[in-house]
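Order of writing sets the chain letters: A, B, C and D. Residues in each chain are counted from 1.
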Amino acid sequence: MSASLSRPRVGVWLIGARGSVATTVVTGCAAVTAGLHPPTGMVTETPAFTDSGLPALSDLVFGGHDTLDCPLPKRAETLTAGGVLPPGTATAVAAELAAADREIRPGGPIAGDTRSETELITAFADDIRDFVHRHALERAVVVNVASTEPASQGPGSPLPASTLYALAALRAGCPYVNFTPSEGMHHPVAARQAEQSALPYAGRDGKTGQTLLRAVLGPMFAQRALSVRAWSGTNLLGGGDGAALADPAAAAAKNAGKERVLADTLGTVPEGEVHIDDVPALGDWKTAWDHIAFDGFLGTRMILQTIWQGCDSALAAPLVLDLARLTARAHETGRSGPLDALGFYFKDPVGEGPSGLSEQYEELVRFGRSLGQADGEGRAARSVTGPGRTGEAL
Amino acid sequence: MSASLSRPRVGVWLIGARGSVATTVVTGCAAVTAGLHPPTGMVTETPAFTDSGLPALSDLVFGGHDTLDCPLPKRAETLTAGGVLPPGTATAVAAELAAADREIRPGGPIAGDTRSETELITAFADDIRDFVHRHALERAVVVNVASTEPASQGPGSPLPASTLYALAALRAGCPYVNFTPSEGMHHPVAARQAEQSALPYAGRDGKTGQTLLRAVLGPMFAQRALSVRAWSGTNLLGGGDGAALADPAAAAAKNAGKERVLADTLGTVPEGEVHIDDVPALGDWKTAWDHIAFDGFLGTRMILQTIWQGCDSALAAPLVLDLARLTARAHETGRSGPLDALGFYFKDPVGEGPSGLSEQYEELVRFGRSLGQADGEGRAARSVTGPGRTGEAL
Amino acid sequence: MSASLSRPRVGVWLIGARGSVATTVVTGCAAVTAGLHPPTGMVTETPAFTDSGLPALSDLVFGGHDTLDCPLPKRAETLTAGGVLPPGTATAVAAELAAADREIRPGGPIAGDTRSETELITAFADDIRDFVHRHALERAVVVNVASTEPASQGPGSPLPASTLYALAALRAGCPYVNFTPSEGMHHPVAARQAEQSALPYAGRDGKTGQTLLRAVLGPMFAQRALSVRAWSGTNLLGGGDGAALADPAAAAAKNAGKERVLADTLGTVPEGEVHIDDVPALGDWKTAWDHIAFDGFLGTRMILQTIWQGCDSALAAPLVLDLARLTARAHETGRSGPLDALGFYFKDPVGEGPSGLSEQYEELVRFGRSLGQADGEGRAARSVTGPGRTGEAL
Amino acid sequence: MSASLSRPRVGVWLIGARGSVATTVVTGCAAVTAGLHPPTGMVTETPAFTDSGLPALSDLVFGGHDTLDCPLPKRAETLTAGGVLPPGTATAVAAELAAADREIRPGGPIAGDTRSETELITAFADDIRDFVHRHALERAVVVNVASTEPASQGPGSPLPASTLYALAALRAGCPYVNFTPSEGMHHPVAARQAEQSALPYAGRDGKTGQTLLRAVLGPMFAQRALSVRAWSGTNLLGGGDGAALADPAAAAAKNAGKERVLADTLGTVPEGEVHIDDVPALGDWKTAWDHIAFDGFLGTRMILQTIWQGCDSALAAPLVLDLARLTARAHETGRSGPLDALGFYFKDPVGEGPSGLSEQYEELVRFGRSLGQADGEGRAARSVTGPGRTGEAL
C-alpha cells in the first residue's frame, strides 16, 4: 500500500473501526491491492468506472473510532475462523491490519463519560484532523459502519453517537457516508449544519441482502402489473449485528428502510411484517427469507419466496470501499450536499433518485462518468491538504 | 364485446386455440372488458400505454386453429375446477367463449394427414382470411400459444407445424407472435419469407416465471460485480405443458431460452442445469426452484434460492393480450420485421435489444410512446381490411 | 346421516361452532359419509382402527356454541370461495349444514354480558344437555375449536371463556377435547373438578403443521446425535386465526406448545424464535418456514429449512373427527382423566407420553386396539343417555 | 490412539481410503479420541450404546485400498480449505493421518490392469490379512466408501470393483459394510459366497441427507393418513461424488435407494423424479431440495418443501465409525449374514426391517442392547487374531 510521493493519498475514517465490516474493509483492500483476490463485489473496479478519477485502492489509508479495544489482527483471526475471511488472507496482510489498528482512536460516549456533546465532537474532529495531517492525506472520508443505534427519542434527548460523529466529520471538513440505519447526518441538528457546509454526504443503510433483492423484485412486479398483496420477511443473523437488532428500537430503524424500498418500487405498501432475529449460532452469516403473495390475471394467487444466505460483512465491505472512493472523488470535484446518485447503495437514500436497482445503477454509471469529466478543476480547488483548509470547514 | 360500427375491430388468431393459455386469454379479455376483474398483469393497461393507440380489449375478436376438439366452455370449466379461473367467471362470459369457439378451425397436420405442406399452409391462410372478412376486421394478429414442439431435426426434415402456421400468417398478411419456444418464424424457410414481407413479428417463448426472475436477478449480480458460480433450476409442472416438456427434445428448446437470459445478463454461462419435470398432480400450477451459488468479496461463498409458485396460463394470458395489441398497432403504424422492442416479453427475443428486464421495460415504454406518435399515418396505409390487401401479401 | 333406531348416536358439541374448523368438520363428515370424498387425513378410518368400536361417522350429530351468528351454509360458501372446501361439496351437504346450524346456541360471555360465571356455565351445560336429550344421544363430546384466547392473567382474574365451557362440559357429564392452546381444562379451577369427575379429557392445541413437522424432525436430529444449535420459525396466516394470533398474548400461548415439542424431542431448547404474522391476503392458507442450524461431525455447520403450505382448517378437521370418535369411545369404555394416548394429536399433550410422532403413533394404535378389546363392559356402564346420568356428573 | 497391550484392537479397512469420507473418518476418529471435538453425529457414543461392548474409538486402526495416490494429510488440507474439516484439526492429528496413509494399498483394477479377477481378489485379501497380522488386530471390518459405480451391465459382464473388494473381504474373513450404492456384496456371485460364510455384513448406501429426511417425512404422511401425490427432488453437489453421480448409470443406482424409502414408508410410489446434478462450485457441500405435493381432507392440495444443506463427508463419517464398531462387535459376538438391525443407516438395507427412521432407531437400540448381553461367549469364539483363523474363512 505504499504510494509514490507525488500520488495524493486519501483517508478512510471508519466509525466502528474494530467491527466485522471495518475489519473486512481493511483486510480486503490490502488483499485486493496485493493481488491475492479479485475485486469481487466492488462496482468501482468494473470497466464503467475506469475513467472516473477515483483514488486507487493502494492510495487509501485507514483509521477510525471505536469504543471497543480488540486489536484488528485479532478480530481478523476471529473472522477467519468464522469463514468470513478466507484462510491465510489476514496473515498475508498483517502489516496493513497493524497499521490501521494504530490509527484507531477511542470512540464515545462511553459509560460514565462526563464530556459534553461539544467536547466529544471536538475530540473526534481533532482525531480525524490529526490523522489527515500526520499522513499528509489529500482528504479523508468518514464512513459510519458501527452497530445500529436505537431510533432517536425525539426533541430534547441527547444527540445519538452517530450524530456526534457526523458533526465531527463536518467540523473536520470531511465528506460523510452513513452505511447504517442510525441517525447520523439525518438528525435535524446535523442536517442544518450539513446544508451550510460545502461537503458532500451519502447514506443511509447499506443495501446488502434482502433489500437488494427487494430493489429488483419490487420493480419486476410493478413493471409486469402484478399486484403484490403481502410481502413478509424474516432475517436470522448472529454476530454483533444480530444482538444490536434484537433491540426492537434498532430494528425499527432498519425496517423503515426495507419498507421504503417496497413502497417506492411498488407504489403501495403491501401487508406483511419484517422480523430480525438474533441467532448467535449463525455467527456473521445471515439468512433472509421473503414470502411474497401476489395476484396474477383474474386474481389468481401466486407466491414467490426467496432465501438469501450471505455474509453481511463480505457484502458490505466492497460497497464501503466503493462509497469511500466515490465520495472522496465527489469532494475532489467540488460536489456538495446529498449525493443522490449513490442510491444504488442504500436502503433509504438521501436526496431524490429512482428506487429500482437498475435505474439506480444507470444513475451511478452516469455519475461515474461525470466524475471523470470533472477532473482538473476540482482537485486543486478542494484539496483538504492545502494550507488552511482542513478542519476549518465549520 | 360489441363494438360500434365505426370502431375498427382487430382479430386475435390463436394457434392452440383450445389450450389453457388460449382459454384464459378469451375468458380474461371478456371478464376484464365486462369489469368483472381488474386488468392485473396487463402492462398495456397501465398509464404508460394510454396514448399508444392500442386497440381496445372490447375490440378484439378471437379465433384460431387447434387439433383438439374440446369446446372452449368445457375447457374453461376444467380450468375453473383447477383453480386457474376464478369461480363464476367462465359462466359469466359464456357467450364470448361460445363465440370464440365457433371461430376455431381444425389445425394440422394430424395423424395420417395426406395434405402437402403447401396445401396445409393454404388451408390455414384461408381460414384466417375468412375470419378477417366475415368479421370485417381491420387486421388480425396470429399468436402461437400451442404446446412446445420438439426441436427441429435439421435440413431436409418436414417443416414443423409451428412453421406452417407462421407461413400461413405471412400468406394471410398478418403480423405474427410466437409465444412458445417452437421454431415458427425462426425456421430458415419462414425467416426468408418474413424478411421479404412487410409484416412485423415478435417472439419467442414468453417470459413468465423462472426466466422472468432470472431477467432481474442476473442483472443484479452483474451490477453488483458479484460472481455467479452456478445457477441450477428445477421446474415442476403438470397440465399439458408438463407432458410436452417431459420430452427432452422439447425441453431442450425451452432451456436454450432460459440459458440465453443468464448468458446475456451475466456475460458468462455459469455451471448448473435446468430440469423440467412433468408432475401431473400439480395440474396447471408450476413450481420453479432456482439455486444460485455466488462469490462475494474475497471469494466468500453465498447462496440465493428462489421458489416461484404460479399458474402458467394466468401468467401468460395477459402477456398474450399485450402482445396482440402491441403487434396489431405496430402493423397499423407501418412497422415491419422483428419487433425488438418487445424483448420484455420473451426468453429469446428477436432482433437486438437489452437483456435485463428493467432496460427492456424502458424500451417497451419508449416503443409504446412511439406507437402513439405514429398515429394517423399508419392506420389508413396498412389496414388489412382495405380492398385488395388481406391475403395478398405473399 | 340418518341412523337406524337401534344404532346409538354420538353428539359432537363444538365450541366455536361457526368457525372455519367447525364448518369444515361438519361439511367433511357429511361429505365423507355420503361417499363424495375419501377420508383423507382421518387416522381413525385407517385399518388399524377398524376394530376399535368407534362410533361411525354417520352416527355423529353436531351442535355447539358460538358468539358469532353467520349461518353455517354461508360460512361454507366463503370457505369454498377461499379454496378450503372443494367446489360443490357444501351444496351437496346443505341439509347437514342446516341441521348443524339449528343446533348452535349463543356463546359467551359477550360484550356487556351481565351473567355471572356460574350462570354462564349453567346456561352452557343446559344447552348441551338439551342437545343430548332432544336427539336421544348416547353421549356427547365437547370439542373446543374456537379462536385462541390470550394467555390468562393469573390468580384473581375472571375465568377465561374456554374454561367456562370446559366446566360446562364437566357439569353436563361430557368428555372434553381442547384443540386450541386456550386454557380450558388446564385452568386450576377446572383441573380440580376434572380430577374429581369420572370423565376423560384430551388436549391441547392440535398439532397440524409446523409442529407436526417438528415432532418428526426433532427426533431425527436426536436419534442421529446431531446437535441442533438454532431452530427459528415464521408462520404467515390469514383468516380469523391470523388476527387472533397477531395478539402477542395469544401467540405466546401457541408458541409455548411449539417450543415444548422441541424441548421434549431434542432434550434441550435451541436458540431461535417463532413468529406468527397475520397476513389477511393469505385467507385460510398458512405458510410456515422453519430454519434449523445444526452441527454435524467435528462441528460442521449445516442447515435444514422447511416450508409448509397448508390449509389449517383442512388439516384440523379430520383430527377433530378422530378425537371426537376416540374420546367418545374412551368414555364409553370407562376411561377417565387425561387421555395421554392421544399425544399424537397435540402440541402440548395432557398426561405422560412420548414426544416423537412415531412413538405417539404407536401408542395411539395400541390405544385403538385396547378400545376394541374393552367393548361390552363399557358401553352399558357409562351411557349418558341412561336414566339419571347426563348432566348429573357434578 | 495408544491402546494398552491387553486391549484388543480392531481394524477398519476402507475401500476408497483416500476419498473425502475416508479422510474425514480418520481425522475425526483421532480428533474425537484426543478430545478436540465432541462425538457429534456418532450414535454409538450416545448413552444407549454404553454397554454394547463396542470397540473404543482409540482402539480402531485404519488402512485401506485406493486407486488414487494423494497422501491423506494433503487430502485433509484440501478438506480444511473447503470447510469440511475445522481449521487446525488435521494438523493436530497429523501423526494419525500419516499412520493411516502408510496402510493404504493400491486398489484396482486400474486402466490397463492385466490381472484376472481372481488375482485381484487374492491381492486385495492379502493386503487386508497383512494389515491384520502386522498390527495384531483382533479383527478388521471392510467398509466401502468409494465413489459410486455405474449400475452393473448384467450377466456375463466383468465383476464390478466393489464386488471384487467384497469377495476379498470374505476371503480375508472380515465383516463387510457397503456404505455406497455400488453393487458390492449384492452381486449374485458375492451374495452366494456371503451366504456360505459365517460373516456378518451390512449395507447399502448410507442414509445421510435427503433420504434421511424422507425416512421421517414418509412415515409422517402415512401415519396422518395424508395422501402424497408427488414427491420430487433435486440434489446439487460437487466434489468427486457430484462428478460420479452425473453419470446417469451411477445416479440410477443411487435413486433406486431413495425411491425405495418412499415406496416402503408410503406404501405407494408417488409421482416425481429425483435429479442429481454435478455442481463443482459447491465443493463437498450438497443442497437437496424436496417438493412434496399432498392432499389433505376433502382433497385440499398442500405442499411441503425441504432444503437440506449439508456436507456429505461430515454426515457420512460418524455413521461409518458407528457401522465399523457395530459390525466388528456383531462379528465378535458370533452374528453372521445380513445385519438387518442396521437399516437405520441405509437407504436400501439388507435383510428385513422397518423402513421408518424411528422404528429403525428402536431396532438399532435393541440390537445395541443385545450386543452387550452377548458378551463373553462371542469374543473368544470368533477372534480373527487367534491362530489359524484369519483369512481362512473361505
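Keep this in mind: a contact is a pair of C-beta atoms (placed from the backbone, for glycine too) under 8 Å apart; a residue touches a chain by one contact, two chains touch by 3 or more.
Everything numeric here is computed off the predicted structure, so don't read it as measured data.
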Worksheet item: Which neighbours do chain A and chain D have in common?
Response: B, C
Worksheet, complete the sentence: Of A-B and B-D, the pair joined by more C-beta contact pairs is A-B
Discussion item. Using mean CA coordinates as chain centres, what's the gap between chain B and chain C in Å?
Written reply: 49
Worksheet entry | Whole-Å gap separating chain B and chain D, where each centre is the average of the chain's CA atoms | 52
Response to the item:
Between the Cα centroids of chain A and chain B the separation in whole angstrom comes to 44
Worksheet item: Which chain D residues sit where two or more other chains touch them?
Response: 83, 303, 305, 307, 309
Worksheet entry | chain B to chain C touching residues, read off their complex | 80-81, 83, 87, 307
Worksheet item: Which residues of chain D touch chain C in the complex?
Response: 24, 27-28, 31, 37-43, 45-46, 83-86, 89, 212-213, 216-217, 219-220, 223-227, 295-300, 302-311, 314-315, 317-318, 344, 356-359, 361
Item to complete: Would you tell me which residues of chain A are touching chain C in their complex?
Response: 229-230, 232, 234, 236, 270-273, 275, 277, 279-282, 287, 289, 291, 293, 303, 305, 307, 309
